[in-house]
Amino acid sequence: MWELLSFGDKGWGDDLALGAILTLQLAFASLGLGLVFGLATAGMKLSGNRVLLGLANGFTTAIRGIPDLLTLFLIYFGSQFAIQTLLSLFGYEGQVEVNGFWAGVLALSLVFGGYSSEVFRGAFLAIPKGQIEAAKAVGMPPALIFRRVLLPQVWRYALPGLGNLWLSLIKDTSLISVIALDELLRKTFIAVGITKEPFLFYGIACLIYLAITTVSTGVIMRLEAWSERGVRRA
Amino acid sequence: MEDYLAMLADLAVRYGPRLLGGVVVTLQLVGISLALGGMMSVPLALARLSRNPVLRLPAFAYVFFFRGTPLLAQIYLIYYGSGQFRAAFEQAGLWWFFRDAWYCALLAFTLNTGAYTAEIVRGGIQGVPLGDIEAARACGMSGFTLYRRIILPTAYRIALPAYGNEIILMVKSSSIASIITIFDLMGETKLAFSRSFRLEVYLMAAALYLVITLSFEWVWARLERWLNPQREAPDLKAPDLQPPAALVEPQRQ
Amino acid sequence: MKKFGTLMLAAAALALGMGAATAAETTIRIATEGAYPPFNQKNADGTLSGFDVDIANALCEKMKAKCTIVAQDWDGIIPGLLAKKYDAIVASMSITEERKKTIDFSDKYYNTPARFAVGKTSGITDVSPEGMKGKTIGAQSSTIHANYLEAKYKGTATIKLYATIDEANADLAAGRIDAHLADSIVELAFLDGKDGGCCAFAGPDFKDPAFFGDGVGVGLRKEDGKLKAEINAAIKAILADGTYKKLNDKYFPFSIY
């Protein structure tokens, strides 16, 4: 058993480690892009423009209702087609490749964006109106209010919700294994195919995920404590 | 355009019935695992809140494992892992269960949703106002009666919105069953896609999933309104809800 | 307009971080499954190897082309070709009339029959649809074998379809399916392997061209006639100069052409 898990030619330890690194890369890339999508969608919902609100709500409803696995397939097979069609409209006939990594990141960040937009919306609404009124009263323009008053506080209200979404995001990266990207679960799958030891390897994979989510939980708790600094406790 | 519509109609005729059959399988899997997981959740939540470490620690470990790992990895572990120990399961007379992919998926889903639901129930129990419990104790209620009459009914009401989310997440996650040869909605969709090469079958499936989740959300919203009328934002314009002026402006002596 | 289009492309590529490959390069992108030993498989170090991979490299050498070989799951391998994720499929894909409706094929580069592997405890001796009544039988999905099962055994047996050959074999070994229809060479590799003791071949070779096609070819997009001509010429060349025989003998004790 230890030989199977060792690092090197015969063992799978190094392969699982590489897979875990790719899993983390997927998760962090999706987090970055997903936060952008989430903030943008929340902005649309709070903009007061009914068209934007409708679009944003439609997006959230779709993300909440369609399985992430299906979103992933749609992006993986559809994005290439969509981009190619779009480019040929502009007269570009060359080949563009959306590789598995970015298709996966796009799908996961759309999911993250759809859910986090609700978290951000709630967080913006949680900021006392009086503060915005006060900022207006001292003559701050909207952009400055957003940057100086809203943004620094939104994080505090949004952190618990975002923490939960981050944990789901880590687990969701496992879905990307089905589009042939060698992340942790896919590497495990290959190892099982060759070694015929499913219980051992899937068990190890579960433990690695568990380690990642446990460390994440710890970091989130520290972040929450940090974001609460200076806030008076009842 | 007409060609395209004809192609869509052809797709719907050719694969529609199979996709609908997949919907039935999906609903069965989700319904049964939610029912079983729901039954597990209350004892599990109570064990998790127990002061006795013999109850608390295993319950904690269970919830920790199933919430901390991907469902896909859990289903692989149960399905392919059990295949490795066929002889042992046969001896225990359990192989008929693990032999069947459908049962394996059901087991994985049940264990998974059981862990999530237990946490939701625990949140509900911890959310019961302390005063309610003190009042019940003052009336002489204790133990089982206290739980049955006071804590659990309140806890369920508190947990209702979160549990609604869990059900929708379960409908979505159930698509993973397709990976172990089950022809649920996702499984039928993948088969249809591999035959037709038309991305539209994925869109058809997405629409079907949306119909399921949206109609469920509609039902759940009504249920919540029925069980938690106090949570609804009061309509302040309704005349009978206008508080008497005396209450709005406290009178000064 | 052109300029604007290029600008948009650059913006899109930047935004999505895509690798944009222009058609000007003569790199041929080839897909294989990477889970179909001994024809193609992914090794512990992530590299691809197997008969298909060696053939692909030999063809590229003859065509004097630069090739990259990527792994792609079987279920998505034709959609990926159509979506231009790569230009050719060298993944033991049989040339069938059904697939020819969607894609094109080169000439064949090998041809092996299909055969049932059955569990020794399944009690199956007759592999006809009547003989398999009430049994559970499996195949890899989107394959000629799956199509054959769906066409002939649907009324009598329960059919299970798997994403990879490994999963089907694991379930055969575990007794979850009673029989597995697959390529005979692939099953031979499994039966000779670690978990193969459970099972044995049963019944005759299946060769019906209506289902099993005319051998295995390189899958191509229909509009890529030029690439098809080049690949056909390269197949002829490796057959003629002994390269093919060398590769054949590296893997198999008999000719699979």
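Chains here go by letter, A, B and C, matching the order in which they are written, and residues are numbered from 1 within each.
Note that contacts are C-beta pairs under 8 Å (C-beta built on N, C-alpha and C of every residue); 3 or more make two chains touch, one makes a residue touch a chain.
Computed from a predicted structure; not experimentally measured.
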item: Pairwise touch network: line, ring, star, complete, or other; value: complete
item: B-C or A-C - the one linked by more C-beta pairs in contact; value: A-C
item: Subunit A and subunit B: spacing of chain centres that average the CA atoms, whole Å; value: 22
item: Averaged-CA centre spacing for the pair subunit C and subunit A, given as whole angstrom; value: 34
item: Subunit B and subunit C, separation of their C-alpha mean positions in angstrom; value: 39
item: Interface hub residues of subunit A, defined as touching at least two other chains; value: 77, 81, 178, 192, 196, 198
item: Per-residue multi-chain contacts in subunit B, two or more chains; value: 80, 83-84, 179, 190, 193
item: Two or more partner chains touched - positions in subunit C; value: 79, 163, 170
item: Subunit C residues within the subunit B interface of the complex; value: 75, 78-79, 82, 102, 138, 141-142, 160-163, 167, 170-171, 173-176
item: Sites on subunit A touched by subunit C in the complex; value: 9-10, 12, 15, 18, 76-77, 80-81, 83-84, 86-87, 89-99, 102, 106, 178-180, 182, 190-194, 196, 198
item: Interfacial residue positions of subunit A with respect to subunit B in the complex; value: 61-62, 64-70, 73-74, 77-78, 81, 167, 171-175, 177-178, 185, 188-189, 192, 196-199, 202-203, 205-206, 209-210, 213-214
item: Of subunit B, residues touching subunit A in the complex; value: 64-65, 67-74, 76-77, 80-81, 83-85, 168, 171-176, 178-179, 186, 189-190, 193, 199, 202-203, 205-206, 209-210, 212-214
item: Interfacial residue positions of subunit C with respect to subunit A in the complex; value: 1-2, 4-6, 8-9, 12-13, 16-24, 34-35, 42, 44-46, 71-73, 76, 79-80, 83-85, 163-164, 166, 170, 194-195
